[in-house]
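Here the chain labels run A, B and C in written order, and each chain numbers its own residues starting at 1.
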Amino acid sequence: MNTATIKVHDATGTPRSSFPLDRWYVAAFSSDIRDKPVGRTLLNQKVVLFRTGNGQIAALEDRCCHRSLPLSCGTVEAEGVRCGYHGMLYAPSGQCLEIPGQERVPSKACVRPYHVAEKNQIVWIWMPSVAGAAPSEEPPVYSPHDDPRYRFGSGMYHYNSPWQLIHDNLLDLSHLGYVHLKTIGGDAHLHMNAAMKVTQDGDSVKVVRLMPGSTPPPTYRAAWPFGDKCDRWQEIVFRVSHLEIWTGAIEPGTDSIENPDRGGFHMRGFHGITPETETTCHYFWSMASNRHPERDDNFETVVEQTEFTFDEDRGVIEAQYRNMLQFGDRATWLDIHVDAGANRARRIVERLTTQSLA
Amino acid sequence: MNTATIKVHDATGTPRSSFPLDRWYVAAFSSDIRDKPVGRTLLNQKVVLFRTGNGQIAALEDRCCHRSLPLSCGTVEAEGVRCGYHGMLYAPSGQCLEIPGQERVPSKACVRPYHVAEKNQIVWIWMPSVAGAAPSEEPPVYSPHDDPRYRFGSGMYHYNSPWQLIHDNLLDLSHLGYVHLKTIGGDAHLHMNAAMKVTQDGDSVKVVRLMPGSTPPPTYRAAWPFGDKCDRWQEIVFRVSHLEIWTGAIEPGTDSIENPDRGGFHMRGFHGITPETETTCHYFWSMASNRHPERDDNFETVVEQTEFTFDEDRGVIEAQYRNMLQFGDRATWLDIHVDAGANRARRIVERLTTQSLA
Amino acid sequence: MNTATIKVHDATGTPRSSFPLDRWYVAAFSSDIRDKPVGRTLLNQKVVLFRTGNGQIAALEDRCCHRSLPLSCGTVEAEGVRCGYHGMLYAPSGQCLEIPGQERVPSKACVRPYHVAEKNQIVWIWMPSVAGAAPSEEPPVYSPHDDPRYRFGSGMYHYNSPWQLIHDNLLDLSHLGYVHLKTIGGDAHLHMNAAMKVTQDGDSVKVVRLMPGSTPPPTYRAAWPFGDKCDRWQEIVFRVSHLEIWTGAIEPGTDSIENPDRGGFHMRGFHGITPETETTCHYFWSMASNRHPERDDNFETVVEQTEFTFDEDRGVIEAQYRNMLQFGDRATWLDIHVDAGANRARRIVERLTTQSLA
């Protein structure tokens, strides 16, 4: 299952991707893109993101066509982004608008543009298999960011590991009892023994694990007045560009954890995993949670502990990947019961990658 | 004499070694292995060392067979080492004892074990040419660690250089007058001009240099009440896995430096050099010394200055190796008189490496 | 225009250079070479520079012929440089003079010498196409270092970029208005629109840009009592080994900026760019300036701001090069009006490099 794909560029300069194309990926959170250009490599393509005068998000290839300085080293103006070396100004269309000191701007003075869209405070970028092709569908909806019941905090990690190792991690929360004892862990054996229900719907995989009678872990206790036990649920929905993970718990006897409108304490996680290269990726996360009506707002605690939890995951996943590299071909994997969801996700990504190359 | 060997794995996954196999190497000092697993790469093989409940040392391939996390990221329990990702537990035999949440543990859920032995406070590991083969001899004895006349301190270096550059360094102590003037150096010309006696016994090389009438260097003066001059000796015994270096000095006229039971000030060094890869190695050292009956115990000074001395050596050797890499094929070596011992050791290692591959 | 040349050694061990040979390059400033040997890689060749007892500069291959330690890790003595490992002593001719403890010094105990010359407080090294060949011309003269009207400060940068990217930068000062607004920038559009006169004389290129009526930038104001406006000039002379850049300004109406003996505020920059490898280089700079008779000496300010300016350039050029590497073959360059001088310099270097290989 190891990925060791070589990056190949075709004749048009588009990387022959090792990733599913013709789909939206997360490029940023809205709050990341303010008054400065932001450079980021997404699916092997260097992109600069910026906002023009009217607040519109734009994305271009991150390279001035004159002498190759990243446009992300430049400055943002009302009409576009200006290179920080000799001042060439580019519109969101990629066309150069001005070459200081030169009257004529040749039409080939341009860089490749990308389609971008902002929705639910997430910046999505369309990664086409044919350079310049327009999106064939709307960007994904993620409503918890705009749901009045929740507040959310967000962050971003750069990972020195292939993106799918994060899918594996998130699709199998049985690791909570070994990796995250200080925050959301709970009882390791209860987690491992809880029945795991895996279903698939098209290119989406859903993993549900219900754990009634569980001991509330530290983060849950900090945010909600649980007694000795709580009924916990974990609902994970995988899509190629991102996972939605809705975990939470109710006081036993107050509601059914199988009811989609259940009350109790909610942690709704967004996990946008965007490949940077075959061996590195960006991880855009947010955590939304609700407040108990008679409790102080412990939202900061929830976000802090979420970040601590994700730091632990990064430690594990990057150590895993370094070890895979060191063992090379000998790092074969033995599947166990918890891998059902992750293996389905891997088959989906593999199928869609092959389609992109066809 | 440059080493630029390529690491090759044969069909069974054993690296075709660039090193002599079927022998013991130093894996650790006893005091390194306490209540946490320790990961270390030895002869290109990633190994985890740990102690089980009864205090026995064990060593396994450092990779969980499930998803390749290093077992050294896990925890030690009475029966073995538990993976820090999904909790698989491994016995010292390499067999998985438990897969949390799964009833059946398949027999192929196992990792490669290594034979280890603890002796004289040193942890030895047997590196076989055929995976799993049992040791054909007892691990080496190093008595000064358990000799009541001595106290010893120890340490470990990671070197960015091939292991044999350290052999070269230790088999020719003529460099003391140029590299170690602040500690054990003494007079450069006296060192260079002293007769050097080189003998070989099987796979062992002995280099002896006697320097009567030498000026006591700073470390000697700190530890022993020498006058203006002392009679110094250097006895170096090379074996593939480690060198024993017995240096010391007596007050002139009080004893013969050729007498193996001589008195005076003793510095008995253990130097376990274990390849990590073809271009890096581990250096396990200890320094044992005796105390003058009418002198304060300056043992800490001896160990501190030993460490300072070894820091100087590392600076020289790593600079030497970087230079060899930069000059490449043009970094030919011209032999001089002091190289007799080192060259014999190189021939022994070369012969034994070829035998290991046969 | 990207350089991605492979380094090749011919049978004599001389690198088949990617650079023009049979010429002087800057190896150091005189003040860099004092009582310790200095190691530096120049045109892929590792060199040690030192001064013998009579103050003469010498340069040798930086590798002891015994065990490859850099001679720059050793010490300087009256007759030469002594290796820091086993004490071999080398004369400026490259011949080993002494092997401590060994009577005979074989004639092959030697290292390659380089011709060096010290002039105007600059240390020049002759890089021949045939190892050992003597210089066929005198080293360049740079008089401002010894001109009583000026004081100068100097510094050295190591650049992670090919050397020619610095030529490009210096031959087109139109970037001042975008990169150096805090020091010597001035008005971006005025700079871009000023006529640029490019002339060539053999292997030398001259770029002149006159900007009468310019707003004095911060560094100029700090050093000279300019009013609202000044008449600025920029004269850049490119040679393969170094550029001389004479910039400055006069109070409007007091002199002609086209007069080579003009008064006003002078900044005379020396820019010795010496390749280290195909992808890295050394940048030796000095800045000489004059003092206004009725003004405090603000020389330190001029040098500090020069260094700040060069830091900005380094940031831009190294970002440019990283981007070129990441875009690879797709990092094509579109020429604009300001590139006339830089492109001539590139053609000269290309022609001379081909000649060196012939």
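Everything below uses one rule, namely that a contact is a pair of C-beta atoms (placed from the backbone, for glycine too) under 8 Å apart; a residue touches a chain by one contact, two chains touch by 3 or more.
From a predicted model like this one, the values you see are computed outputs, not experimental measurements.
Peer 1: Validating interface symmetry: for the copies chain B and chain C, is the fraction of residue numbers used by both over half? Same or different.
Peer 2: Different-residue interface.
Peer 1: Quick check: superposing chain A onto chain C on C-alpha atoms, how many degrees is the rotation, to the nearest 5?
Peer 2: Rotation angle, to the nearest 5: 120 degrees.
Peer 1: Give, as an integer number of Å, the spacing between the C-alpha centres of chain C and chain B.
Peer 2: 46
Peer 1: Please output the residue numbers of chain B that touch at least 2 other chains, ranges allowed.
Peer 2: Residues: none.
Peer 1: Quick one: which bits of chain A touch chain B in the complex? Just the residue numbers, please.
Peer 2: 168, 172, 174-175, 177-179, 188-189, 191-194, 315-316, 319-320, 323-324, 326-338
Peer 1: If we count contacts the way the header does, which residues on chain B are in touch with chain A in the complex?
Peer 2: 9, 13, 41, 46, 62-63, 65-70, 73, 82-88, 99-102, 106, 108-109
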